[in-house]
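There are two complexes below, and they share subunit A, which is joined by subunit B in the first and by subunit C in the second.
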Partner chain A sequence: MKRPVLVRRHRPLRGGQPLAFAVGLILALAVGAVLLMAADHEPLRVYQRMFEKSLGDQNAWSLTLNRAVPLGLAGLAVAVAGSMGLWNIGAEGQILAGAIGAAWVARIGGTWPGPMLLTGMLVGAVIGGGLLALVPAMARARIGVNEIITTLMLNEIALRLLQWLIHGPWKDPDSYNFPLTPVLPAQAHLPTLFGRAHFGVIIAGAVILVFGIAASRTAWGYELRVAGSSADTARYAGISLKRKILTVLLLSGGVAGLAGGVELSGTADRLTEGISNGFGYAGIIVAALALMRPSGVAAVALLFGAVQVGGQSIQIIGVPASISTILQAFILFGAIGAGVFVRYSLRLVPTGVDASGEGGTAA
Partner chain B sequence: MIGLLVATVSFGALLYLAALGELISEKAGVLNLGVEGMMAMGAVSAFMAAHQTGNPWIGLVVGILAGALTGLLHGWFTVVLGAEQVVSGLSLTILGLGFAAYMGKNVVGRPPGAVLAPVDWGPLTDIPWAGPVLFGQAPFVYLAVLVGIATWFVLSRTRAGLALRAAGESASTADAAGHSVVGLRLCAVGIGGGLAGASGAYLTLTLTPQWAEGITAGRGWIAVALVIFGAWRPGRAAVGALLFGGLLALKTRLQTFGVDFSPILLSMLPYVSTIAVLIAISVRARNRPSPAPAALGTAYRREER
Partner chain C sequence: MSQAAAVELVDIWKRFPGVVANAGANLRVERGTVHAVLGENGAGKSTLMNVLSGVYRPDEGEVRLDGTPQRFHTPADALAAGIGMVHQEFRLVPSFTVAENVVLGSAERILRRQDVEARVDEVARRFGLATEPDRPVWQLSMGERQRVEILKSLWRDARILILDEPTAVLTPNEADELGEVLRHMADDGRSVIFISHKLHEVTGFCDVATVLRGGETVAASLPVAETDAATLANLMVGSTSLAGERPPYRTPGEVRLAVSGLCALDDRGLPALHDVDLEIRSGEIVGIAGVAGNGQRELAQVAAGLRGSTAGSVHLDGKDVTSAPPRRRFGLGLCYIPEDRIGVGLAPRLSVVENAVLRTYKGHRRGPFLVGSRLTAYCRDLVERFGVRTGALGDPIAGLSGGNLQRLLVGRELSGRPDVVVAAQPTRGLDVQGVKAIQDLLVAERDAGTAVLLISEDLDELLTLADRLLVMHEGRIVAAFDPMDSERSVIGEAMAGHLADEGAA
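== the complex of A and B ==
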């Protein structure tokens, strides 16, 4: 008798992650096809439409790029913290806080000239997101409170803060009692690049590029990775862990906050409850698929942007947009499943080699 | 006022069921942030099954099974394949919400096929105050109490519970003692999912007997918070469930009491207090051990121990 056992490879399979990603994509499309057929839709027709409406022409690309902006920034936020072994689960709340910060600047600076107002809004967004990350950052750096739960809880807190603002103090008096703020001033919109694509694409691209360089080419990025892999080594090398944790989580919050500001000034015309659309949670999947690397984040964000835009486009032919949510989750599950074999190989071991003979990691 | 107390117990049980599931899972060392998704799957499956068969009990069973199966997906990826628990759990939430929305597309807003009505305790229900609060409740409330007691008993008084806790505190020790860590953890995650599914079924079979996207409304996150608030103990979690349930109940009644305070801000309290408790635990942990299971969130591979 033999039993299967996962054995760690000496080094991960080369080119394994893109391969795992492809496996995830194929698995997701296969599962999606089954679900579509179960509801009497033709998978090929649906997928073709999703592809055409997200990547088929210039206009489709502009929509996909716009979607990739908040996904990429949220993914980057998670990845920045993740490269140091920290989990920022609070990107969703930080996006909302960023949007609140930007909207607040737009409220007080309604008469400012465009460039000044937009700059102010984006700065307000970064500060808003950073402020929301402040408590988890301080608690983690000073007394070692696990940041996973604190950032998670703050998502719900930020959502309720936003709800309170748009139901109460910031509510548009002419909204017929709908929870909305008044529309933003005309000059509070980011300029358009082509099609529907707005300037946020350049902002997000630049921010991701800067972090990519900082992470891989600077001493700061190197220290992050050292601190992430071994706290003891970091201490020995004279790296201040507390300061690193604090700055990284605040930066992470600020980047996510920026996503909220860009989303508000780029695609929305006012602050509503649905300003984020789950970008913060999707960003965690994006970062995980990208193995916490900024360059990967950009690529995965584009793909997810396309899936989301495609998902919206099929509603018109009667397919629920939730199919794109399912696709995204299955891309990740497929990729983590396949990713195991990038790091491990499957061996058949005779039973009885292990004295206890049961359990272990038999897969 | 009686209405408030009745609703407090009712909402408390809703949160408690899901929280107990998460507690069992975390006690075995598996953090499952997919509660919201498992609840949604339980809610939609229970509703559809009751809709089809007209029997609410079949709905309940189907809801529990749906939650358990969804949870076991997390178990497969994290326990068997060793994937990151945080990522897998959050994906499970996204998947569960999306899948439930897709499945339930045709029953949105439909009248329920069957509901689980309050249990009739006869004359007991007529006792002032205690009658409606304790004896006028839906079967789910009594289910929550029973599961709570069973969880406490099994975890702290039985060998199986000891093995399960060992898997969460020190997996290699549990392994060395001859227990299957994979088996124990999968079992815990499956039970956890089943309880989240039961909580979801409570929503669509009793509390708001219909299906709509987003019906779980963040209550799965409160369940995650409750486990920490209750310091991983079933008894304390019950107290927390009543507190948080009271807040949910109070939310819709503030205005009738003439209190001029935003119900939205009030609903922040569970999350704020959980952060406060977490900080307090960490401050105290300098002198005494943290109540969190030591191996929580880590994968176990025998070959690498």
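== the complex of A and C ==
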């Protein structure tokens, strides 16, 4: 009798993660095909349409890029914290706080010239997101409160704050009582690049690039990796964990906040409750699939952007939007499942032999 | 023989690559006794218990229960045969209640909470194990958690209970309570195997003791009442005569590391160091001997700056560094080879390069950037000089063997040309070659004028390397010896807390 056993590889399979991603994608498309057939749709036609509408031409690309901006920034926010072993589950709330910060600048600076107003709004967004992350960051750094819980709970608080603002003090008097703020001033919109793509694509790309370089090439990024690998080793090497935790969580919040500001000034024309569209939670998936690496975040965000844009496009031909959500979930399952084999290989061993003895010699 | 013993381990051999863990070990445990298994680290205690509890299968030899030969394939087989083991690290689910943890994984299919709790309580009371079955485990102290572990075994009706260094995590009071529980169990006709190297507990709790050394049984089933602790200590450390392998000893220079009146707490917040005074001079190796858990680990950590002190001072080259962080002490020439290689000295998921530059990365910067080529060159030099056998330098260190990990770590620490080396268990768990390599490095360091503090549980190593030998017991330095001119037996007695007058510091 033989039984399969997962054996840890000495080093991760090279190029394994993109491969795992491809496996996840194929798996998701296969499962999606079954669902589509069950719902009386032709999978190939639906997939073709998804592809055309998300990547088929320049206009499609511009939509995908726009969607990838908040996904990428939120993913980066989670990945920055994740590279140190911290979980920022609060990107959603920080996006809202960032949007609130940007909207507030737009309210007080409605007459400013465009570049100044836009810069102010984006700075306001970063500060908004950072402020929301300040409490979890301090609590974690000073007294060790689990940041997963605190960041998650603050999502709810940020949402309530936004609701209060758009139902109350910031409500547009001409909105027929809809919970909306007034339309942003015309100069508060990010310039267009091509098609529908706005300047936020450049901002997000630059921010991801800067963090990517900082994480992989600087002493700061190295210290982050040491701290993420083992807190005791970091203490041993004299790396201040408290300061690292504080700066990393604040940066994480700031980046998520920036996503809110870019979304407000790029694709929205006013602050609404739906400004984030779940990007903060999707960002956790993006970061997880990117293995917390900024370079991976950009690629995964683009792919998820395409899936989301494609998913919306098929609603017109009567396919439920939930199919697109299900596809995303299956890409995640497939990629994470296949990702196990990046670190482990499968071996058949005779039953009864203790695998525990083998590990002792290799370690 | 009137009656078969509850447990008989006959001539057990167990080999691992490069190591013979058990070389014909024997153990005979009678019903209704508390039986101590004694031995230094590496004596083969854990391996032997893993054979008994079904984790390992012996290469040779036989396991008999009540005279019947057994073949265990898994720990579950051993459990079914009535052998329960309480490991040093508890295997409990923190968010589950006591009762839930006790029944978890047992064949029980009843799931009514009150029934389970009442039955767990009943078993607990029978053995004097005070617990609250409905409390979640995370709220419990270490002593209470251990009781839950014992309850788990009793719930499965274990007739033989193995406790692996059970008092390591307990306060003295809790340890005494444990002794009473074990007594209850023995009176109930069960057998308890108590692995320890705290001699006073063995003499306090146990009826019979078996001593292992080098994988062999050197004394079987000694009646504890008729044996004193010093005899047991001597059996543990052995009495092999030392060959003249000692490197030549030179006159030491000025004081490099001075510790005075040092007090510190352990991880549980209990006092671990009491008023420790220590001076180490340039060009000498000062060895600290002691049974594990007598404050050696804390002493090294306080010296390195990784643990705070509650009183006293640490001076490095005459400078007061009592409250200096680890990095400043390193800058002043103190390097530290920690007991936990992976997880403290080395970052587990990072590459060989990333680990090699842990102390020096700030010197390889250009602006905020680390210069990759310089990091790699530094690492390659280190790897070559210290003979670290490794794959690609960019690969995670997980692929390196224990000996090569330690060469990397020791090499990294020593390449900073330190004035003081604090080495905690630097050769533990290494193969013969690895031990020799690390020992040679420490001696070379001493010969270059470095002050070396060597903490080891291997008395042979200390007697071979140390120029002066201090013995720690219960957080105090209780004796000082000249390793050239001391009887192992006298040192052994000091380790057991029995002070010989002429050896006292």
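To be clear about the criterion, the second predicted complex is superposed on the first by the 353 of 363 C-alpha atoms of A that agree within 3 Å, B and C clash if a C-alpha of one lies under 4 Å from a C-alpha of the other, contacts with A are read in each partner's own complex, and residues count from 1 in each chain.
The definition used in the following text is that a contact is a pair of C-beta atoms (placed from the backbone, for glycine too) under 8 Å apart; a residue touches a chain by one contact, two chains touch by 3 or more.
What you see is a predicted model; the values in this text were computed from it and never measured.
Trainee: I'd like to know which partner A:153 touches here: subunit B for first, subunit C for second, both or neither.
Mentor: A:153 contacts subunit B only, not subunit C.
Trainee: Between subunit B (first) and subunit C (second), which, if any, makes contact with A:219: first, second, both or neither?
Mentor: second
Trainee: Can A:326 be said to touch subunit B (first), subunit C (second), both, or neither?
Mentor: The first partner, subunit B, only.
Trainee: Would you sort A:116 into first (subunit B), second (subunit C), both or neither based on which partner it touches?
Mentor: After superposing on A, A:116 lies clear of both subunit B and subunit C.
Trainee: So, A:230: does it touch subunit B (first), subunit C (second), both, or neither?
Mentor: In the superposed model, A:230 contacts subunit C only, not subunit B.
Trainee: Which partner, subunit B or subunit C, is in contact with more residues of subunit A?
Mentor: If we count touched residues of subunit A for both partners, the winner is B.
Trainee: Using the superposition on chain A as set up above, list the residues of subunit A that contact both subunit B and subunit C.
Mentor: Shared contact residues on subunit A: 8, 354, 356, 360-363.
Trainee: Which of the residues in subunit A end up touching subunit C in this complex?
Mentor: 8, 10-12, 214, 217-220, 222, 225-226, 228-230, 232-238, 352, 354, 356-357, 360-363
Trainee: Which bits of subunit A are touching subunit B when the two form their complex?
Mentor: Subunit A residues touching subunit B: 5-8, 35, 39, 87, 89, 135, 139, 143-146, 148-150, 152-157, 159-161, 163-164, 167-168, 278, 281-282, 284-285, 288, 320, 322-326, 328-330, 332-333, 336-337, 339-340, 354, 356, 358-363.
Trainee: Can you check the complex and tell me which residues of subunit B touch subunit A?
Mentor: 31, 33, 73, 77, 80-84, 86-88, 90-95, 97-99, 101-102, 105, 175-176, 178-183, 213, 218, 221, 224-225, 228, 262, 264-265, 267-268, 271-272, 274-275, 278-279, 282-283, 285, 292, 297, 300-304
Trainee: Contact residues on subunit C for subunit A in the complex?
Mentor: Residue positions touching the partner: 16-17, 55-57, 73-74, 304, 306, 325-328, 330, 336, 338, 340, 343-350, 354, 358-359, 361-362, 365, 368-370, 372, 391-392, 395-396, 398-399, 401-402.
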